[in-house]
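Quick one: structure below, then a few questions.
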Amino acid sequence: MKLRANLIIGGTLFALAIVVGVLAPWLAHTDPVMDANLMNAEEPPSWTWWFGTDDQGRDIYSRVVYGARVSLTVGIVSQLINSVIGVALGLSAGYWGGWWDDVVNALTNVMLAIPSLIFALAIMAVLGPGLTSLLIALGLTNWSFTCRIARASALSLRSQGYVQAATVLGYGDLRIMITQLLPNMLGPIVVIGTLGMGSAVLSEAALSFLGLGVRPPFPSWGSMLSDARDQITTAPWLSLFPGLAIFLTVLGLNLLGDGLRDILDPHSRSRRT
Amino acid sequence: MFRMSVIVAGMALALAGSAEAQTPRKGGTIRMTAPYGSSFTSLDIHTTQRAQDEIYAKALHRSLYTWDSAEGKPVPELAKEVVVSGGGLVQTFKLRDDAYFHNGRKMTADDIIWTFNRIMDGTKAYPGARYVRIIEGAAAVEKGQAKEISGLKKIDDFTLEMKLTEKVDPGFYFFTALTSIYPADEGAKDSFIQHPIGLGPFKFVEHVPGSRIVLERWDKFYKPGKPYADKVVVSIMGEAAARDVAFRNKEIDTSVLGPAQYVAYQADPNLKGTIVEVAEVFTRYMGMNPAFKPFSDKRVRQAINYAIDSDLIINKLVKNKAYRATSWLPLTSPAYDKTMKPYPYDPAKAKQLLTEAGYPQGFEFEWTTSQNESWGLPIVSAVIPMLDKVGIKVKVKQVETAVLAEVVRTGDYQAFIYSQQSGPDPLAALKCFHSSTPQPACNYMNFRNPDFDKILDEAGQTDDTAKRNQLLQKANAFLYEEAPVWFFNYNKAVMAVQPWLHGIQQNPTELTHQNTEELWVDDTSPAK
Amino acid sequence: MTGAPLIEVEDLRIDLDSGSGRVAAAEGISFRIDRGETFGLVGESGCGKSITALALIGLLRPPLSIGAGVIRFDGREIQHLSAAAQRDLRGNRIAMIFQEPMTALNPVSPVGRQIAEMFVLHKGKSWREANKLAVEALADVRVTAPERRVNDYPHQLSGGMRQRVMIAIALACGPDLLIADEPTTALDVTVQAEIIELMRNLCAERGTAILMISHDLGLVANVCRRVAVMYAGRIVEERGSADIFRAPSHPYTQGLVDSLPRLGSRAALGRSRLKEIAGVVPAITSFPDGCRFNPRCAHATDICRSVVPTADFLEAGGLVRCHHHA
Amino acid sequence: MLSFLIRRLLQTIPTVLAVVLLVFVLFSVVPGSIASTISDDVDPQVELRLKQQLGLNDPIYVRFGNYIGKLAIGDFGTSFRTREPVTSMIAKRAWPTLQLIFTAMAFSVLLGVPLGFVAALRPGGLVDSAAMIVAVTGLSIAKFWLGLVIMYVFALKLGWLPSFGYGDGGLKHLLLPALTLGVSPMALFARTTRAAVLEIMTADFVRTARSKGMSETRVVKWHVMRNALVIILTTVGLQFGGLMGQAVVVEKLFSWPGIGSLLVDSVLQRDIPAVQGSILVVVLAFLAINLLVDLLYGVIDPRIRYA
């Protein structure tokens, strides 16, 4: 029962966020950047301004709606990069073994040893703030779990009959990895990826707070929340709505991840590594 | 205009607290905050030019001069008398004979000479070098061509002669903590940086990096009866929201307010009375690179000034925590022309000027900015739609403050938004636009105009204060016409001060820089 | 006391909640065991013999549960007892040994402690006393140097040793019934005989009845006085051990007996495994109608495919569930 | 034991070296010059001399060699900004961060693990659902936002604890930042513990324990707990890394003078030696803590032997 509740609530929240992001131009009332009118600055929520306006007079509802694009892009793309890196390294290391396996193992250990937020911070410092930097910084720093899982399952699948049969049939390594091994490890990787998206959205907020987030004027939920923190008492709606958007989306991703884990990866409930 | 008269009136009063005419209480702890970042740079105040560090340095150190907020100018601090001779180029200082370093030794002329030689050490690039360079022979020391500054001569222990390279008031050069006087013997030791020794009213007790500096009363301070307090604690609190909680919670005695909190504190009857504000000598502006084609045309630069509704931004976004800039020189400058009017908001005029300049459809430029809330991204975001209305498109390039400083120095920009010191010395402030001033020094827009140079040179040569101010006003008006920048605002510094802390000075160079010997706490302070 | 059986199972049904409904994983299970008697339950894996054992000791966990029937222990119905009352029986009067000595012991607890727990739980001993008793219990199962062994962890012991520990735990409180679920399957051949011997002797000494569960008819027949054969959730035949070898009545039992090499040969005992009977055991959710053995049965007729055979008493004693039994 | 320790230490050397190399290469391409971290008015000649003095004009491999050489004797170089040895800067920041991280860890373990146990006793029950809702909520909130709310509630509204400060007045200054930092690991531990317990509950030895006539509470206390701790310990060890990352945010918010705020400060001011040093120290600490965790396994799990 609980399993389905996870999946349904989580999936709904995440799907909702995606729909909002995709339909942003139709859902938004105003342009999130250009429609600043200082005459309307800091209006509390009302029928005209559903979520109120910010200190530049921009409609927060429209900015939250557009912010879904930025924040979800950060979450999805950076996690996609992580997954691709993790799978490519882990799969090849587990399949080929030997010195390459040692190299990948060493690399994973290095990644594991540097806290990912700190590593992302360092990369952001070098690349400078901005969406691209953010995607790179968050995309390069959170693949070690995926890599370990991919490696472990490649290692165990390698000796399975059908994989060896494929080898005998003269299939190329790449083809075997992609057609034979990859589908069998997709479950846990999707689960990790889902949970990783949530943490990427939160990392974006943290980096915004540290002054190294998405480059405005385009709104991201993290930067909106971070910018509004001085006005938490005077204009609470400035932070309430982007904060809620982050919370619900990350909550959705976490629940979805849990739900998917129960279905796709029932064996490893507790051991992530 | 009303607001301005308030400021002037405020400055006429020596001390904000003195109006209360209470007898200062001895003892207690002053709990100040350092709001500009999450650490102090260094206990060697010569190495750092950040406003953050000077907050503690004002308690610990003394320089040759100090800023007198009541007079609105620098006054001699460690000298009892200054005699000017040699056509204004030779300054003879009769030094105090009652100034003791915190190790108990009396200060002499040797300490000053040693300190200035140290600041000119070219292998260290001390930021104070730019001030000491005004002394003859200082530059040679910096370049390694001489060991000692030739323009400094010790007459006796308490008499010092200083030869300048040009005719300026040395007070403007030697009042900041960058030129704090160190004890010659101790300053050379490695231990100095862990346990600094100065001449100030409070001596060093401890520094918890990233957290606070604690100082205690220096009994042999040269001003009789001062300081009042037993202890000064300067806590580092970079987060405005956290500072707000701490101030409301009565955990700190002073807090610098941003625009949002300025509004909140004004609206709160319990906090309204804690607000202290002053017009600081900083001008916020958008610099335009004349090497970028559209900006080479004066009409385009003027059009930008017409196109932006600066008052609206100041009113709504900056929440009136700034004064509208007319030209370069700030309100508190002696050469400020009160009759001058700022560029009005007139998009039609802007459009017309753009058309005349050959940009009827507008153009696009890249605007480099930091995240600073008062002169960074939020302002840029508000300006973008305004410029858009006259057809000018903006591409934002966001960088960190440190990078922006570099960008500005090297001229690697099309436009940038910045806050630059424009006082207290109006001549020095305008000198930044003199063609002899290299771009990295402070001529960030690489402004070159022989007519302007002529006015400024003339002002520099005259000894008549009135005439000089008149010429400076003319130069300032010249800049208004040329519009090398978008004149945005002059900062209004706002600090919240708990009711039990008295003696706050309205220092227009930086409100957080307080002469701590004047401050005292009454017995309603939770810290007693 | 005498005459009344120690445990009596009547028409027991065990349900499996598959999520979309309940399925009977075992049904119509009836048998009884007298005090000190040895009784065997034989069948292929998945036939329901292990869950029957778990039902007796009250360890069925969701999705499994008792659907119907009565379990009478020492004259008292125990299937609906409160959890606390069940716990008083469990371990104390009904004990159980599991198949996998490797995993049946807690890897991070010393074996002595795992034995001592029994005395603390059921005999109200202090840990100090219980630890002493644990040493004795280890000595009883012929472990050498027991005072040293009590401090060992399971991974430091051999498989046989571990199973001795399990027996020590099971017999610690002198239970009336010992359920042994494939107690030697995971062990080396040489050790198997020892363990069986040990178990049998100890139980005989204490008057403890044994319910032995195994897929190995030979082993069970050797240990037990009576044997029940299970197939697909039903008991298909129940006989005296000697009878079942001499003249198996149910075609499935016949298949089992035929697959045994050299009956009664002690040397082959441990090794003998069931030979595959043609066809596969049906899944719980798709039991065939009628006699559940009919798809694999050489003698199956129409009635076998539609009517569930009743349990018939045999003249020579025992029961069989077959339309065509001899 | 000792030989295990030595072997593990040797194993970490390549990791440390790789981290050093990574961080070094990363920051050798950083924009902005050393001069801009010092003053906005530096004579070009002086800047050149300064660069020479700091060896910034050497080719990168020479600089890396020098850096490694100095690292070997515990010298992290000299800060551009403060001109202090980075080693001593970090040394002053280490204790506050350790205090913060260990308090947060203690809080999250002491709260999260029991919560997970309680939840696992009745999976799907009311307590379980409530606990897991709390846990997933704790994992889904932006940290600085949570910190602000905690600060407002506990310092301003309730007036129980000071909102900032370090070191004076005992532990009370530590509590709010540690609470903020501890919430998400607490949530994580609650979830991990629950999952671990549920997994162990299906183990054969638990069935054995039940067959002994033990109550569920005793089963958990006597048999499940210690086995679950093995799994929890792994998570705790790994979570130290996440905690150090989050400490950056929390330290900044609460003006806590730890390595995290030093790192942010140094990053924003382009003080590269200090950035490199801080990251390196964090990594070393993480590796050391995980070594400790490995040793702890030996205490909890008798199967592990350090022969």
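A, B, C and D are the chain letters, set down in written order, and residue numbers restart from 1 in every chain.
We take it that a contact is a pair of C-beta atoms (placed from the backbone, for glycine too) under 8 Å apart; a residue touches a chain by one contact, two chains touch by 3 or more.
By chain, UniProt protein names: A = ABC transporter permease; B = ABC transporter substrate-binding protein; C = ABC transporter ATP-binding protein; D = Glutathione transport system permease protein GsiC.
Because the structure is predicted, anything quoted here is derived from the model rather than measured.
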For chain C, the least number of touch steps when starting out from chain A: 2
Neighbouring chains common to chain B and chain C, by label: D
Chain nearest the overall Cα centroid: D
Per Cα centroids, the chain farthest from chain D: C
Chain B and chain D, separation of their C-alpha mean positions in angstrom: 39
Centre-of-Cα separation between chain D and chain A, whole angstrom: 21
Chain A and chain B, separation of their C-alpha mean positions in angstrom: 44
Chain centre separation in whole Å, for chain D relative to chain C (CA means): 52
Touching two or more other chains - residue numbers and ranges from chain A: 128, 211, 229, 232-233
Chain B, residues touching no fewer than two other chains: 241, 400, 403
Chain C residues counted as touching two or more neighbouring chains: none
Set of all touching chain pairs, with the criterion as stated earlier: A-B, A-D, B-D, C-D
Residue ranges of chain A touching chain B (in the complex, touch as defined): 33-39, 41, 55-57, 128-130, 211, 215-217, 227, 229-235
Chain A contact footprint on chain D (complex, rising order): 14-15, 18-19, 22-23, 26-27, 29-31, 123-124, 129, 136-137, 139-145, 148, 152, 192, 195-196, 198-199, 231, 234-235, 238, 241-246, 248-249, 252-253, 263-264, 267-268, 270, 275, 279, 282-283, 286-287
Sites on chain D touched by chain B in the complex: 31-33, 35-47, 49-50, 53, 81-84, 89, 92-93, 96, 148, 151-152, 155-156, 159, 162-167, 251-258, 261-262, 264-265, 268-270
Chain A contact footprint on chain B (complex, rising order): 240-241, 244, 258-261, 263-264, 267, 309, 312-313, 315-317, 371, 377-378, 380-382, 384-385, 388, 396, 398-400, 403
Chain D contact footprint on chain C (complex, rising order): 57, 59, 83-84, 86-92, 95-96, 98, 100, 103-110, 117-118, 121-122, 153, 155, 166, 169
